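Below you'll find the structures, each written out as C-alpha cells.
What follows is subunit A paired twice: with subunit B in the first complex and subunit C in the second.
Now for the complex of A and B:
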C-alpha cells in the first residue's frame, strides 16, 4: 500500500509516541519543546515537498484520505499553529509536571486535525475529530490543581461528548440512507434521492448540531468562553486557531461536497446561523473584562464570518473562507500567545491589567495592536485582505442573481464595525492609559522564545496583508481542489 | 524634467520613511521634531514641483504610475493626478508641514506625535492620488488610525469618547462605501469579462449599468462620503472630535479629512454612477442646504470657540456639496475650489483656537474679551481668518461661495434664497464672536497679565496661510485653471443623462 499521502501524519504521530519516552530521561520542558518542534518541522517539510514536487492529488487506500491542494494547505496551517504554540510553550510550562505528555498531546491533536483536512470519508473525518478532541480535553485540564482549568476541561469534555454523539448519529443516518460514507458517494446519492428525504433532513440537523458545538456556532456556543478562559493560554491559542478551524474544515467537506446537491434546503439555515453567530459573538465581546473571554467571543464571531463561505458556496466564497481561516489562525493564535507571554511575567488576564503596557513592553503592545487591528479588518493587514474576499463573495452572488445573499455582507460589515470597538479599547488601554500607580514602570523581561512565537504571527499578519496575492492563489487552488 | 521620476510614489514614500525615522527618535524630542519638519518639507517641495510641471490644459490624469499588486483580484497600484487632485495634494503637503511647525511646543511623546502626523499625510495623499478602488479604500482607512491616536492620546478631557466615536462612526461609513465598491467591481467584472478594481476600467462601463443598480450603489457610496464630509444628519462625530483633538489634529481633520469625503463624491460617486447621482440630486441639495443653515445656526449658540469653528465647517462643507449638486461646470469647479479655500481658512481658525487655549487657558467665549490689546498679532490673524471665513471679497472664501451661489441660481432659481440667508448668519456669528473675544473690555475672568503674543512657530504658519488666503482670493485663477479643464468628463456624464 502506498502511504505517501500519510507521510506528514505518520512523522508527527511517531514523534508524539517518542516524546514520552524521551521525557523519561530528560524532563526539561525546553528540550522537549525542541524535539516537538523538530517533529513539526519535519512534517512541514513533508507537506512542502508535496507542494514542491507538484504531485497533484495523492489518494490513500482507494479514497479514505487524500493529500491535495486543500488538505496540504490546511496541514500547513495546522502545523504552523502547532509550531507557534509549542515554541511558546517551552517557557510557558517550564517546571510543571508531565511536560512530555503535554507536547505529545499537542502533536496528536495536530495529527487529528490533519486527518480531518485530508479525509474523503465521513468515518475518517469523525476519527480525526475524536483524536483532536480527546487530546485537547486532557490538554485543557493540564494544570490539574487549577480549579478554573479543571472546570473548563469538564465542561469541554461533556459538551464535546454530546457533540460527538450528535455527529455520529447524523453520520449513521447518512450512511443508512445513502449506503456509503465517502463524501463523493454521498454527494451523488443525495442528488438522486427519491425516498428518505425527511430522514436526510434529520441527519442534517444532527450533523449541524454536532459540528455546531465543535465550532461554537450560536446557539451551541455557551461552552467556548468558559473553556477558552480556563485553559492554559497556549492551549487556548491552539483551540482557537487549530481545533475550531478543524470543525470548519469538517463543515466545508460535509456541506460543500456531500450535501451540495440539496444546498437549497440548508443554505438559509447556515446563513441565519452565520448572522446569529457573528452578532452574538461581537455583542457579547463588547463588555467582557477578561481578555481571554473577549478573544473567545471574538473567535465565535469570526467563525460566524467564515460560515458565510458555506452559505454562499461558490469557489470565490470558499477561497475567502479558507483565506480567513488562514489569517485568523495567525491573528488569534498570536493574540492568545501574547496573553500567555504576559502571564509569565505576572500580568493578569483582565483587560485593565494591560493599562500602560506600551511603557513596559513596546514590542508586546505593538504586536497586540497589529493583531487586534487585523482582527478588526483594518488595512493593510492580513485580516483586511481575507475579509475583503470573504465579505465580497455574497455581493458577487447577489450581483449574479441571488439577491438575499447581500444581507450576509451587510451583516458581516456591521459586525466588523462593532468589533472595532472592543479591539480599539484594548489598544487604548495599552497606549493611552497611564500605568496604575502601584505598578513599576520598569521594562518587562520577556522570554525570547515566546517573543519569537509572537513575532512569527505578527510578521505573517503584516506580510500576508501587504502581499496577499500568493496566499489568495493558494486558497483558490485549495477551494478548487475541494469543489472539483 | 520629471518624466522619469515617480513623483507620486515619492510623495508617499517620504512621509512613510519620515514616520519610521521620527518614531525611532524617541529619546531625543528635538531631533524628532527636526526629522518631522524635514520629512514634511520634502513632500511640500515635491508637490510644488508637481504644480509647475502639471499641464493644465490637458484634462486627463498625469504622472501616472501603475504596478500590479494582487493579480487574482485585479488590484493594481495605480497613482495619478488630475486638476481635481493636484490642488488637494498641494493643500495636504502644505497643511501637514505647517501643522508640524505649529506643534513645535508638543512635549508629551513628541516622537509619536510627529510620526503620526506623517502617517496621516501618507494616508491622505494616498486617497487623493490612487486610481484603484481597492488602494483608494486602503488609504482611506489608514487615515483613521493616526487620527484616532492623535485624539485619544493628546486630546482634551473627553478624548477617549471622542476618539472612539470618530473611529467607529467613520469606519462604519467606510464599510458601507466598501460594499458599494464591491458591487461596482463585480458588476463591471461581469460586464467586461474580467475583474479589475481600476477606477478607469470600472468607470468606463459603470455609467451604463441599470438605474436600480446605480441608485442603490450611489446610495452606499454617498453615505460613506457624506459621513466623512460630514453632512447633516451624519455630522455628530465632528464637534466631539474637534473639541477634543489637539490643534494640529483639528487642523488636519477639518482641513484635509473632510475634503476626502467631498473628493470621493467628485472622484468616485459622480463619474462612476451618473444616473444614480441624478436620482439622488434632490437629497443632496436638501442635505447641503440643511447643513449650511443648521451649521450656521448652531454656531450662534456655541460658547466654545472651537466648537463654533467645528460647526462652521459643517456649514462650509455644505456649500461644497451644494456646488456639486448643481451638476454644472461652474458649480462643481466652485465646489472643488471651496474645498481648497476651506482647507486654508479653517486651518487658520483652528490654529487660533489653539492659540487661545494655550495663551489664555480657555476657549470659552464668555470668559474672553479685549485680548486684541494684549496680543495684537494674534488678533490680526484672527480677524483675517474670520473675515475670510465669512466670505469677505478679496479673500479666497468669497470667490468659492459666490461661484457656488451663482451656479445654484442657474440650476435651482430662487431656492438660492435659503442658503444665502445663512451668509448673513455666518457674518453675524463671526463678528459677534470677534467682538466678544478680542474686542470690547478686557476680561477679568482669566489672568490676562501674563499673556504672551504669538511665538515664531505660531506666527509662521498663520502668516503663510493668511498670505495664501489673500493671494488666491485675488487670483483665484491660479487654482481654478487646474480645476476647470479636469471637469469635462464628469460634467459631460452628468449632462448626458
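Now for the complex of A and C:
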C-alpha cells in the first residue's frame, strides 16, 4: 500500500506518541515544546515536498484520503496554527503538571484536522472530526484546579457530544439513502434520487445541526463564548484558528462536493444562517467586557462571513472562503496568543485591563492593533484582501437565477462596518487612555518565545496583505482541486 | 429471516428522539452523557441496518469504529465530570453558571 499521501499525518502522530515517553524523562515544558515543534516542522516539510515535487493528487487506498492542492493548503494552515500555539505554550504552561500530555494532545488534534482536510469519504471525515474534538475536550480541561476551565470543558464536551451525535445520525442517513460514503459517489447519487427523495432533507437537517454546533453557527453558537473564555488562552487560539476552521472545511466538502446537485434546496438555509451568524456575532461583541469573549463573538461573526462561500458555491467564492480561513487563522490565533502572553505578566482578561498598554509594551499594543484592524478589514492588511475576494463573490458569482445572493455582500459589508467599532475600542484603550493610577508604568518583561509567536502572526498578516496575489493563486488552485 | 428495514428505522429514530429528549430534559450531567450515547447508538443501529440492506460491509465496519470513538469520548467526558464534581461538588447542569455574559 502506498502511504505517501499520509506522510504528514504519520510523522505528526509518531511525535504525538513519542512525546509522553520523552516526558517521562524530561518534564521541562520548553524542551517538550521544542520536540513538538520539530515534529510540526517535519510534517510541514513533508507537505512542502509534496508541493515542491508537483505530483498532482496522491490518493490513499482507493480514495479514502487524498493529498492534493486543497488538502495540502489546509494542512499547511493547520500546521502553522499548531506551530504558533506550541511556540507560545512553551512558556505559557511552564511549571504545570502533565506538560507532555498537553503537547501530545495538540499534535493529535492537528492530525485530526489534517485528516478532515484530506478526507474524501464521509466516514473518514467523521473520524477526523472526532479525533480533534476529543483531544480538545481534554485540552480545554487541562488546568484541573481551574474551575472556569473545567466548566468550559463540561460545556464544550456536552455540546460537542450533541454535535457529533447529530452528525453521525445524518451521515448514517446519507449512507442509507445513497448506499455509498465517498463524497463523489454521494454527489453522483443525490442528483438522481428516486427512492428516498424526502429523506435527504432529514439527513441535511441533521448534518447542518451537527456541523453548526461544531462551527458555532447561529443558532447553535451559545457554547462558543463560554468555552473560549474558560479555556487556557493558547488552547483558545487553537480552537478559534484550528478546530473551527476544520468544521468549515468539513462543511465545504459535504455541501460543495456531496450535496452540490441539490444546491437549490439548501443554499437559502445556509445564506440565512450566514447573515444571522455574522449579525448576531457582531452585535453581541459590541458590549463585551472580557477580551476573550469579544474575540470569541468576533470569531462567530467571521464564520458567518466564510459561510457566504458555501451559499454562493462558485469557484471564485470558494477561493474567497479558503483565503479568509487562511488569513483568519493568523489574525485570530495571533490575537488570542497576545491575550495569553499578557496573562503571563499578570495583565487580566478584561478589556479595561488593556488601558495604556502602549506605554508598557509598544510591541504588544502594535501587534494587537495590526491584528484587530486586519480582522476589521482595513487595507493594506490580510483581512482586507480576503474580505474583498469573499464579499465580491456573490456579486461576481455568475449564479443564474440567484440574484438575491447580492444581499449576502450587503449584509457582510454592513457587518464589517459595525465590527470596526469594537475593534477600534480596544485600540483606543491601548493608545489613547491613561493607565490606571495603581498600575506601575514600567516596561513589561515579556517572554521571547511568545513574542516570536505573535511576531509570526503579525508578519504573516502584513505579508499576505501586501502580496495577496500569490496567496489568492494558492487558494484558487485549492478551490479548483476541491470542485474538480 | 429478514427484519424489514422500516422496523429498524423506527427503532433507531425512536432511540434518537429519546436521547435528544434526555439531553434537553435531564439536569444531571451523567444522564445527559448517557442520552448522548443513546443518540450515537441510534446512528450505529442505522448504519448496521443499511449495511445489511445494501449487502455492503462498510456500514458495519464503521459502526465498530464509531463505537470505539464513542467509548473514547465517554472516557474523556467522565474524567471532566469527575473533576467538575471534585471542584464544585455537583454535576447538575443548572449549577454550571460561572461563565455567562
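By definition in this document, the second predicted complex is superposed on the first by the 480 of 484 C-alpha atoms of A that agree within 3 Å, B and C clash if a C-alpha of one lies under 4 Å from a C-alpha of the other, contacts with A are read in each partner's own complex, and residues count from 1 in each chain.
Definition applied: contacts are C-beta pairs under 8 Å (C-beta built on N, C-alpha and C of every residue); 3 or more make two chains touch, one makes a residue touch a chain.
Given the structure is predicted, the values throughout are model-derived calculations rather than measurements.
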Contacts of A:164 with subunit B and subunit C, given as first, second, both or neither: second
Which superposed partner A:396 touches (first subunit B, second subunit C, both, neither): first
Touched partner set for A:137, first subunit B, second subunit C, both or neither: second
Partner chain(s) touched by A:196 [first = subunit B, second = subunit C, both, neither]: neither
Which partner reaches more residues of subunit A (counting touched residues only), subunit B or subunit C: C
Partner chain in contact with A:410 - subunit B first, subunit C second, else both or neither: first
Touching partner for A:226 - first (subunit B), second (subunit C), both, neither: second
Which of subunit B and subunit C A:179 touches, first, second, both or neither: second
Subunit B - residues contacting subunit A, complex: 69-73, 134, 137-138, 141-142, 144-145, 148-149, 152-153, 159-160, 163-164, 167-168, 171-172, 175-176, 178-179, 182-183, 185-187, 190
In the complex, subunit A residues that touch subunit C: 123, 126-127, 130, 133-134, 137-138, 141, 144-145, 147-148, 150-155, 157-158, 161-162, 164-166, 168-169, 171-173, 175-176, 179, 181, 225-226, 229-230, 284, 288, 293
Touching residues on subunit A, where the partner in the complex is subunit B: 373, 378-380, 384, 388-389, 391-392, 395-396, 398-400, 409-410, 413-414, 416-417, 420-421, 424-425, 428, 431-432, 468-469, 472-473, 476
Of subunit C, residues touching subunit A in the complex: 16, 19, 23, 29, 32-33, 36, 39-40, 42-44, 46-47, 49-50, 53-54, 56, 58-59, 62, 65-66, 69, 72-73, 76-77, 79-81, 83-84, 87-88, 93, 96, 98-101
